[in-house]
C-alpha cells in the first residue's frame, strides 16, 4: 500500500518535471509533438489506403520501416555495453551513463515495435500474435522469437532502471542482490535480441544476400558501434543542457567500446566484400546491385557510397588515441559512424536482399513521402519517450525529485 | 456512416436473430456468442430486399472484401481508428443497446463481430469452418444481394497434388494467366497475377535474369522458349515455417494455403519464398461485380481484403472437386499436367517416372511439387 | 554474491537447453525427399472418392486401351460435319474431280511434312472414304485416328498414352479422359499458329521503371 502511494507520488512528480523546463526544452517537446502528429496523419492515410501508399511492392516487400526496425534493435542492444561494466564488473565510471543507456534502449525498443506495427498490413488483427489468444508459431518462426526477446528486453530495461530509480526516489540505495541477476540476464538478452533479429534474415534460403553466416556477428559488431555512439552523443547533449554531471572518463570509456566495435565491423565488412567480389557467383548479384548497380539500376549507390567512406573515416579517426580523446573529433566521429551504420544496416541491408528478385527481375525501391512521414513520426516518438525518461531519471539522480513523506 | 462505424464494435446483447446455420460456432472466440434463435417474421426474399435497401445503398457498387469488412471513412474517422481500442468498449455497448438500428444491420454487425474475433481456420473444427463460411456467404448476400457458394471442403485422404510443366510445349500464349485471374478474383487494379511466363532465349539455358516475363509480341517468338512459374506448393515450404501466426500452412493434400482472415500482413513469407509465389494486397482488391467468380472456397478464391497475403492454391475450389486448376484447363497446348501424386496410375505419376524431370532451385531443400520436363 | 551468480548461470543454462529442446523439429512424417514420400504413401493407395466424371460433360467418349493404358477419348465421327464421307464420295476420286460436280475441300491446304512424304492418300483411303488407312493399307477407324499419327510420331504417341502429351478433358481425377491428336492438331496443318499473348501487365512495367 505504501509502495503504491510512493509510486503515485513518483508519477505525479515526474509529470511535474516533464511539463516544466526551459524554453528550449518546451520548444523541443513541441517540435517532437508536431512531428509525431504529422506522422500520425501519414499513418492514418496509410491505414485508409493500405500499404500501397508506401514505395514497397511485391518485388521489394520490406522497406524503410523494417530497415529502421533492424537498425534500432541494434541501438537497443547496445545498452548492454554499459550495463555489463557497471552492474556486473562494478565499474563505477559508467554508473551515470547506464541509466541513460537503458532509457535509450527503452525508447529504441518502443520505436522498434512501432515500426513493426507500421509495417503490418492488418494492424487490427495483431492480436492474432498474442500467445494464448491468438496462434503463436513458436519456435518455427523467427519472428515469434523476435517478438519474445524484444518484449522481454523491453521489460528488463524498464524494470531494472525503474527499481533503481524507485529506490533512489525514496532516498534509499538499490539492493544489488535484486538488480544484479536482472542485469546479468539482460546482458545475455541483449546479445539474443540482436542475434535473433539477424537470424530473422539469415534463415531465409530464398535471399542469398542475407543467408550468410556473418550476418549475425556483423549485426552485433555494428550495433555495438552505433548504439554507444548514439549514447555518447546523447550524453554530450545532456551534459551541456542539464546539471547532470558526466565525467570525461565515462565518455572516453564508451568511446573505447565504439572504437573496438567499429574496427571489428570494418574487418567483417572487408571479409564480406572479399567473398562477394573475389569469386562472384550468381548470389553476389545483390551485392553488385548495392555497390555498383545492376542493369543500369543504381538507386542505392549514393547511399552506400556515403556510408562506406563515413564508416572508414570514423573508424580510422577513432583508432588514434589522440584524435579520439579530442571530444570535438569524437562527437563528429560518433555522428558520422551513426549515420553510416544507419544506412548500411538499414537501407543497405534490407533493400538489396530483395534485388534482384527470385527470378532476376529488378524493381527499385524508393520510399514515398508518407512512408518518410511515418518514419519521422516514430523517430520523434522515440525521442519524446527518451526525453521524458531521461528528464525524470536525471531529476531523481540529482536528488531534485524525492519522495516527501 | 454511423451504422458502419458501429458494426465493428457491436456485441450481441439480447438481439433477435434468425439463425441460418443452426449453430453458432465461435465457441473459442471472444465475441458475443450464444445468440438466441428466434422466429423472424419476414420471408427470405422480403428480407433480402429490405436488407439491400437499408444497408448498402451506395456501397453496392463496391467490390471485394472491402465492402464486407472495411469501414468507409474520411481522414477524421481514420484518426478514430487509431484509438479503436479505446472505442471498442463504448461502441459495443452503444450499438447493442440501440433500438433504432434495424434488424438486418444488427445481423451484419453480429456477423462482423464474430468474423473479427474468429479463430484460425487451420485449427477450426469442421463445424466451425462451416459456421464461418455460412457467415461470409450471408454477409455477402446482405451487402450485395447476390448469392455466392463457398466451400469449406477439406483435403481428401490419399490425395497429394502435383504439377508438371512441359517446357517444350508452352508457346507463351498466356491464356493461363488470364484464366487464373478470372478464376481467382485477383485484384484488377494492381493487375495481380499468380503466374509468370518467362520468355527465354534458346542456347542460354534457364537464364531467368535475361528472360522477359512481360513480353508483348507475337508468340512463340523465334529462337525462344517459355517457362511458367507460380507457387510450387513446396512440401517443405519456407513460407509456412516463418509465418508468426500460422496463417499459412500446408494442407494434407499438399496445397499451401493462406487464411486471409488470420494473416496479419507482415510479409515475412514473401521474403522467405524463393519462387516469387506470393502476392500481397497493397491496397483494397477490387473486382467488377460482373466478373466475380461466385464459386468459391474459403482457402481459395473468396474475396480478400487489403493488407493480406494471397497466392496460387492450385485452384483449391476446383481441384478438391475433381476439376483441373484453371491454368491447366485454359492451356491450349497441353503443357500443363496436374494430378494426384499418390495414385500410381495417374498421368502426373507417369510423367515423373518416365520423363526427365527437374525442379527449380532444388538445392534449397524446399521440395517443390512442381516439375518441369521436356518432350 | 558468488552464489547468486552461480544460480543465475544455472538458470541461464537450463533455459538455454529448454529452448533448444523445444526448438528441435520433430515432425511425424519426415521423409528425405518428396519422391520418398510419394513412394511410401502411395504403397497403400486405395483410390479416392473424388471423380472427374461429371466434368466431361456433353462430350461423347469412347474407351480405348493402348498398352498398359486404358482411358477415354472423344468420339470423333459424330463431330465430323458431313460424315459419312461416302454420302458424297459415291464415285472414285478421279471421277469426282470432273468439272460439273460441286467443289469441296477447296480450303484444305496440306502443311504437314512435305510433298515427298505425304499427300491426301497417305491417310485417306481412296477406295473407302469412310475410313482412314495405314501406310501398309490397313483400315483405320476415324474414331481411333491416333493410330494413323503414331505411325510416324511414335515418341509423341508414347507420351500421349502415358499422359505427358496432350490435354485432359474434365479434371485430374479418374476416369481419365484425354483429347486425341486431332482435337488439338489439324491433321492437314498440325502446328500451332503464332498469335499475340492473351495478357500484358502494365503495372509490372511501371514497377520496374
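In this document, chain identifiers A, B and C correspond to the written order of the chains, with residue numbering beginning at 1 in each.
Criterion: a residue touches a chain if its C-beta (ideal position, glycine included) is under 8 Å from a C-beta of that chain, and two chains touch if they have at least 3 such contacts.
Protein identities per chain, from UniProt: A = Polysulfide reductase; B = 4Fe-4S dicluster domain-containing protein; C = Cytochrome C.
On a predicted model such as this, the values are computed, not experimentally measured, just so you know.
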Taking each chain's C-alpha mean as its centre, the one farthest from chain C: A
Chain occupying the middle, per Cα centroid: B
Distance between chain centroids, defined by C-alpha means - chain A, chain C (Å): 58
Cα-centroid distance, chain A relative to chain B, in whole angstrom: 37
Computed distance of Cα centres, chain C from chain B, in Å: 29
Per-residue overlap in chain A, given as positions that touch at least 2 other chains: 57-58, 140, 361
Set of chain B residues in contact with two or more other chains: 190, 213
Residues of chain C engaged with two or more neighbouring chains: none
Chain B to chain C touching residues, read off their complex: 156-160, 162, 164, 166, 169, 171-175, 177-178, 181, 190-191, 193, 197, 213-220, 235, 318-324, 328, 331-334, 337-352, 354-355, 367-369, 373, 375
Touch list for chain A against partner chain C, complex: 57-59, 139-140, 176-177, 180-181, 184-185, 188, 361-363
Touching residues on chain A, where the partner in the complex is chain B: 40-41, 43-45, 47-52, 54, 56-58, 61-62, 116, 119-122, 124-126, 128-129, 133-137, 140-144, 147, 200-201, 203-207, 285, 353-354, 356-361
Touch list for chain B against partner chain A, complex: 30, 73, 75, 78-79, 81-82, 84, 116, 119-120, 122-123, 190, 196, 198, 208-211, 213, 229, 238, 241-247, 261-268, 270-276, 279-284, 305-309, 364-366
Residues of chain C defined as touching chain B within the complex: 33-35, 37-38, 41-42, 45-52, 54-55, 155-156, 159, 162-168, 170-174, 176, 178-179, 184, 192, 194-205
